[in-house]
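Take a look at the structures listed below.
Two complexes are shown next, each including chain A; its partner changes from chain B in the first to chain C in the second.
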Partner chain A sequence: MNLRPAIRLASAAFGLATLLSAALPAGAADSVDPAADAKAFQNYFTTKFPKLKPADFVNGPYSLNEDMHRQWVEKEEFPPYEFSLEMGKEMFAKPFRNGKSYADCFDNGGIGVRQNYPYFDEREGKVITLELALNRCREANGEAPLSYVKDEMAALTAYMAFTSRGKPFDIKVPNDPRALAAFENGKEYFYTRRGQLNFSCASCHVQNPGERIRAETLAPALGILNAMPIYRSAWGGMGTISRRFTSCNSQIRGVPLEPQSDEYRDLEYYLSYVSNGLPISGPGARP
Partner chain B sequence: MNDTSATRPGRLTNLVPALLLALLVGIMTSAGPAHAQSAAAEGQQLAFDIGKGNCLSCHVIKGGDLPGTIGPELKDIKSKFPDRNELVAILNDETKRNPRTVMPPFGRNRILTEPEINAIVDFLQTL
Partner chain C sequence: MKMISRRIPILALAAAFVLLATTSTSLLAAASEADFNAAYAEAEAANKQAGAQRDQWTTTAATLANAKKAAESGNFDSAVAEAREAEALAKASVFQATHEKDAWKAAVIR
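Moving on to the complex of A and B:
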């Protein structure tokens, strides 16, 4: 029996396979691994701040040292977001002119659902944030959309966050190439330098949390959205996630995008996902 | 009765010699060896200006309030960087030397002009 042709065939097949696997780059989507990213992200921060438990990060700079923690405890006695929270509760309960209300637009009547936003809508193929869902709810019921950055939008999201306090972020990236691409785009936005000052989000909130820019302590990116919306003394009022993103872009002397543009929605998706498991703490207060 | 208006002409005449003296001092200091000193003073102003160098955002600098903590303290600069061109290069674009730095590329992104960078370097060399 002559084995030679069989061996030749086998080695040719083997060679071809090797050639193919070397020549074809792994599909981009195959290399997106949100679960591994979230694990590495959380591990980075817990290693950098070994005294903190993961849940501590939702209090931002206030969790980073004892002095600031004391300030936070004192602030929480008369929280500056209380007025906004009350307004949000009233707005949420008040029916639209057609008799329906916000509760009709959300699972569980909108109570205790903050931790599920943003989500990936497989019909639309896009990320849906809570702020976007609130304005869509208004428009579907014949009401004008609200400004995304402050006041009423902050009040509504403050109330929805408040009813979800303590619930861990539970963001899902379905096994859909479009969802994986949205996650990856958000990650890319987060780590890309921009603006005249050449900062990425990560320059401050990954590389330098706990450090100070002048008198302001930089917050860790882990848990940063769990506390939204926030009352910021620097803003002299409440601000939403949209306000946080646009004002950061302005501060680095970049051109802010439109609130709820695809890039910001993807960014929120990424940044929320990597904080999965950390409790909702919003509304929050920051210096 | 308004007595400030009554005294005003007197004050003005007192001011004239003082202004002349100030002008004269100004001319004397801008010429001659005091030039480097005034460039350093201008550099300090640019370094502390929030819209320009804003160096205090990240660095402790003698004479500046509420410094940030991101970068190293700016002191003993002449012994650390004997070659002023190295300082100019850092201000122009530190990412060339250290891609992970968060220091803004002041020259490349035109946050500061070349003369402004030189004035700041003059100031840094006095630290």
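Moving on to the complex of A and C:
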């Protein structure tokens, strides 16, 4: 197999294409206004899919038409994430070796709190995602951190999402320049083209939701994290937010960042905030 | 998807250009290990810059690995060609990241 000509083609085309588009205007004033961003974001999708209410967007590709929706209803009867949910529930209840448990690390014992993650920690000056908070909880109690892309982390977040189903995302961006910067960084990451294929997250999930790419229907970016973690037949298992971010990066021939790197945390912060008001629906199942 | 197909004519043109540029190197005399080391170091430096901009390409990494493999089997002509290609890919990714530093703003939903 010889990939080289294809690689040459793609990279050369990319160089020329960006040169040609370099004349485009770069956008107006750079003031950060999360509330206005969220409003415009939600408006874009509800206008693009006028039959859907905002809350309908939380089931990813299954949101988009009646046929897909019917498939979703059928799947929910025997949900393939059931196994993970059970595992998460057990893991969550089982005390650490020091006798404490996950419940001790979270508000309300960790039940029904998924909608508040990620949050901006003003002491640390950084975004804290649920996956990160879970591993910090483990480490604070003398346990080794879990892989961010494997089944155990998926199981824990599945259980926490399940206990929060129906609660609207309630992400806060405090009026702190560091929080505003994190939000803006996440937005930049979301819209920045990268990888040899020269795609941004937005190229697929804003400009082409509902379009098919290989065998898959692209999920709309509105509500795109509400159903996480997800079971995917293609993975034959569960995937965390970290797993989805890294795999979306590799499929455009970009080298993924470390899970829970600052960029991914900020990206999750941005994407969750612009879906404020939409209900948590996780865990989800996908074709 | 639309954005790919629109680039096809540009693709053909660009391909001709790049193919010319890369084949011309193989007309030169056989490459040595030192040539490879120099070419590889340049490719790695460019890829490191792409890493600092958080935009490395998987194809750069794969091509760097091919270069190394060719060098290990003593095929320095091919190793140098792969290393130059990796450098071209890495430079394209640096160019992309630099360009996107402002260009992303044009895509934001308003």
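Rule of thumb we're sticking to: the second predicted complex is superposed on the first by the 257 of 287 C-alpha atoms of A that agree within 3 Å, B and C clash if a C-alpha of one lies under 4 Å from a C-alpha of the other, contacts with A are read in each partner's own complex, and residues count from 1 in each chain.
One rule holds in what follows: a residue touches a chain if its C-beta (ideal position, glycine included) is under 8 Å from a C-beta of that chain, and two chains touch if they have at least 3 such contacts.
Since the structure is predicted, the reported quantities are computational estimates derived from the model, not experimental observations.
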item	value
Touched partner set for A:S203, first chain B, second chain C, both or neither	both
Superposition-derived comparison: chain B or chain C, residues of chain A touched	C
First (chain B), second (chain C), both or neither touched by A:E211	both
Touching partner for A:E188 - first (chain B), second (chain C), both, neither	second
First (chain B), second (chain C), both or neither touched by A:A140	neither
On chain A, positions contacted by chain B and by chain C	196, 198, 203, 208, 211, 213
Touching residues (chain side chain C, partner chain A) in the complex	1, 3, 7, 10-11, 13-15, 17-19, 22, 51, 54-59, 61-63, 85, 88-89, 92-93, 95-97, 99-100, 102-110
In the complex, chain A residues that touch chain C	3-5, 7-18, 20-22, 24-27, 30, 37, 40-41, 44, 187-188, 191-196, 198, 200, 202-203, 206, 208, 211, 213, 250, 253-255, 257, 263
Touching residues (chain side chain B, partner chain A) in the complex	56-58, 66-70, 95, 100, 102, 104-105, 109-111
Partner chain B, residues of chain A touching it in the complex	196-199, 203-204, 207-208, 211-215
